[in-house]
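Each structure below appears as structure tokens.
Next, two complexes with chain A in common: one pairs it with chain B, the other with chain C.
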Partner chain A sequence: MSKYESVAYYPGCALEGSGHAYNRSTQALGKALGLKLEEVKNWNCCGAMEVKNIDPKLQTYLSSRVMAIAAHDMGHKTVMAPCNGCYHNLKKAEYDLAHDAGSRDVVERLSSKAGHATYEAGTVETIHALDWIKSAIGEEGLAARVKHSLQGLKVANYYGCMYTRPRHIFPEKDQGAGSESTAKPHFMDDLLAAAGAENVEFPLKTACCGGAHTLSDSDTSTKLVLNIIQAAEAAGAEVIATECPTCHSGLEMHQVRAEKNFGVKTAVKILYFTQLLGLALGLSPRQVGVHENVSDSMALVKEKILR
Partner chain B sequence: MPIHEEHLIRPENLVTHEQLVIDGVDVSGHWSTFIESRVVTDYNEALQDEIAALPGGEQIHRCWQCGSCTNSCTVNAINPDFNPRYWIYLIRMGMESELLRDRDIIWQCVSCNKCTYACPRDVFPEGVMKATAHWLELKGHTPKSPSMHFDEEFAGQVFATGRIEEGRIIRGFFARTGQALMQDWLVEMVKRLLRHLPVKLIVTMGLANVLKPRTRGWGRARAAIEEYVHEREQVQRRALGLDALVKAAASELDQPARGAQP
Partner chain C sequence: MTTLAELGAAVEAPDLDAAAMLALGEAVLEAWHAAHERTPTAEQREGFRLLALHRQGAKTEPSFNACRETCRELAWHYNLLTLEPDHAEREQRLAMMRFALRHLFLFVSGKLEQAGLGDFCCASRPLRLSAKEQAESA
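Moving on to the complex of A and B:
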């Protein structure tokens, strides 16, 4: 029995809006695999990059409140965050609280004034949805449950920035066999391969989509997204698999923007890895929210997965 | 003398004399191209300390100028003028006027953290870029960047309610920056999104707009955050000597007015 069979689930703001398909598919996947997700009660924003830019210690406080609720109000040992931004920020708060007395002071002060328990480093473990499936089910467990193999589907696995950088906030990565790599992550590749997918050799796994400036410097974001999309197409991919709502909607938005504003039309489809795994396990496109994506992959899903 | 790697010299610092005789030797034209010598006198000796006083800039003093940050930089790959290594050098040297030449692009850092990943000295260059962009605005060298407008809109909603709602952020951001919301590509994206969406979900999304998701019982957290933000602002103003700057400017404005009095 895996320690990740029942975890506190922290969807975060994006998964209630533009990333709703990720929320839907993550929950559907958990249900299909018999894993229990208990949503963090009355959660707040992790602080995201925007609050970090204003003041990193405030971001640490906001993330710490989420972990405090999971630990003290709900008695959980693990918080699972599917959004790269949330995952990154909880990890960063954990690191700062363990290493920086100044951050501890601010969190203590704000927590007592706000009237909730102060989170102490090391009380919970924050994991990504990739860690969750990989540890709780594993490749073999997944392969045994596949109903519609992804065989023949060419996938580029795109991890983005926040899942691996900066590496000091992910002490469990780069620990040799079985651990995740920050230079060349492979957990998503492993899981999709177990579901039958044909992963292409994709050099831009951890390239930046420009999500930070998706609206404030749109031309830069469009260029960065085009790099990723065109590299995936050059590698022969039909689908880019994502694991972050900001990356995912960035790819979708700027694929449209590249077409509208730059006249560059690209054909590759964009799906969350949880959508691909859910489809492989026999869930319907609607159950994993394929209809909620901007990138219209319904035809590809019917032709290649639901044969 | 021909100048090697002439492209590295700014054109205005290259001088070619049509007619030039030195020690009886005619060196007109090509052979008389010189690099203008310059004397830098306007150092801001406090520049490094000012950047270090802002969030993210704390570790700038650790830099050894290896260039790993610029080498790994996402934005540098699309704009060679975006050069974190060089800016850190200028800040540490106190060469404020040189830094100001790039004032309009420093905010474009995308926070991909490749620099922070590559840095062998734990300078956290990504944080230094944010601190520098912040410094430029606080000192009045640049107007608020679109990115700062976005951060403030976003952070303001988090501080007020504990959460954000994307629709509100987008509308607030476009209003702040004076852009039309109905941009072609956004409209096209929404059209594509609505193609398959069931009515029920559209209604739910619309309701989220009206109901505004918020964290319950956030009032005390909000007050604590606002107090902290205000306190930090005061600390930063002091570190950058902004109050003294405002005072000096005010008295300068005051003087001619007083002089005009009979």
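Moving on to the complex of A and C:
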């Protein structure tokens, strides 16, 4: 039995809002694969960018509280966070608690004040949804369960920035064969290939989408996203697969904005990797939330996956 | 001194070869350093001045790592194109190198106008160090 067959699930705020399709498809995928997700009780914000930019130690505390609940109240050893921002922040909190006495002091003080057990570094392991599927099911296990092969579907895998950066908070990556690479991540490529997809050579897998500036400097974000989308199309992709709700929303919204403001129309579709895997396993488009995306992919899904 | 507008126009020029795109990538990073009143390094890293220039930028500004892999993709495509000049996918490789170059320009020029670009993802070091510590570690 894989240690990831039962994990604490930390959806985070984006998956309750703009990224709801990711939430829906992640849970549906877990159920279809026989994996147990137990949502972290009374979870709070991970600190995201707003808290982190003002008081980084408070962000460390907020993330530590999520891990403390998973470990001490629910008895889990693993927290799975599909959102790159949450995943990144929990990993950062873990790193800071292991290396910075000041962070430990703040977490201990605030935890005591809030009346819950203090989280100590190393008590739980934080993983991404990609780690979860890759380790608990693996490529062979996934391939054996495929009902609607993604064969013939050309995919550009876009990982975004926070899945691999900064490298020092991801000590399990870059550990040779079988581990994830921070320079050229491949877990999403591996899983989608196992479901039959044809991954295209795509040079902007981890390139900045300008996500943090999507409101304050929309034109910069639109230009960055448009370049990513056009690169994917030039690489032959019909779909950009995503694994981050911020990236996903940015790609979808700026694709629309690029057409409206710059007159540049692009055709590539944007789907979460969990949606693609769910469809490959025989789940319906509705079960994986295709209807919740901004990018209307139904025609492509019918033609290339449900055929 | 090359302006951002001039660099942007140069990046979009037709028929750029691998060497020209690599040189433009260096020029983009030189513009970043010049804007911060630093002398761009003449050193190389892993055989590329481009990578040394990036490292020089990231040393004082961790969020600059948001373009690290873009720089590495430029170097990778330069190698592909110069080591296999007659490869069947030469045109595709040139096209992909151009997208990487354009992304580097967009990121750096965007960051010159909005200093916080990339801070969301890559700025862990300043979050743990005081301004004084940051200056000392630079």
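Operating definition for what follows: the second predicted complex is superposed on the first by the 307 of 307 C-alpha atoms of A that agree within 3 Å, B and C clash if a C-alpha of one lies under 4 Å from a C-alpha of the other, contacts with A are read in each partner's own complex, and residues count from 1 in each chain.
Everything below uses one rule, namely that contacts are C-beta pairs under 8 Å (C-beta built on N, C-alpha and C of every residue); 3 or more make two chains touch, one makes a residue touch a chain.
This is a predicted model, so every value here is computed, not measured.
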*Clash or fit: what happens to chain B and chain C when chain A is overlaid?*
clash
*Report for A:56: first if it touches chain B alone, second if chain C alone, otherwise both or neither.*
both
*Thinking of the overlay built on chain A, is A:252 touched by chain B (first), by chain C (second), by both, or by neither?*
first
*Identify the partner contact of A:260: answer first if only chain B is touched, second if only chain C is, both if each is, neither if none is.*
first
*For A:100, is the partner it touches chain B (first), chain C (second), both, or none of the two (neither)?*
second
*Scan A:92 for contacts with chain B and chain C and give back first, second, both or neither.*
second
*Which of the two partners, first being chain B and second being chain C, lies in contact with A:302: first, second, both, or neither?*
neither
*Using the superposition on chain A described above, determine whether A:224 touches chain B (first), chain C (second), both, or neither.*
both
*Which partner does A:14 contact after superposing on A: first (chain B), second (chain C), both, neither?*
first
*Once the structures are superposed on A, label A:208 by its partner contacts, choosing first (chain B), second (chain C), both or neither.*
both
*More residues of chain A are touched by which chain, chain B or chain C?*
B
_Does any part of chain A touch chain B in one structure and chain C in the other, and if so which residues?_
49, 53, 56, 161-162, 165-166, 207-208, 210-213, 216-217, 220, 223-224
_List of chain A residues in touch with chain C within their complex_ = 49, 52-53, 56, 85, 88, 92, 95-96, 100, 103, 160-162, 165-166, 168-169, 183-184, 201, 203-208, 210-213, 216-217, 220, 223-224, 227-228, 230-231, 234-235
_Residue numbers on chain C that touch chain A, as the complex places them_ = 62, 65-70, 72-73, 76-77, 92, 95-97, 99-100, 102-103, 106-107, 110, 113-114, 116-122, 124-125, 127-128
_Show me the residue ranges of chain A that touch chain B in the complex, using the header's touch definition._
13-14, 16-18, 20, 42-45, 47-51, 53-58, 61-62, 65, 106, 109-110, 113-115, 161-162, 164-167, 182, 207-208, 210-213, 215-217, 220, 223-224, 252-253, 256-257, 259-261, 290-292, 294, 296, 298
*Which chain B residues qualify as touching chain A in the complex?*
55-56, 74-75, 78, 108-114, 116-117, 124, 126-127, 130, 134, 145-152, 154-155, 158, 162-167, 170, 173-174, 177, 184-185, 188-189, 192-193, 195-198, 201, 205, 208, 213, 215-218, 220-221, 223-225, 227-229, 232
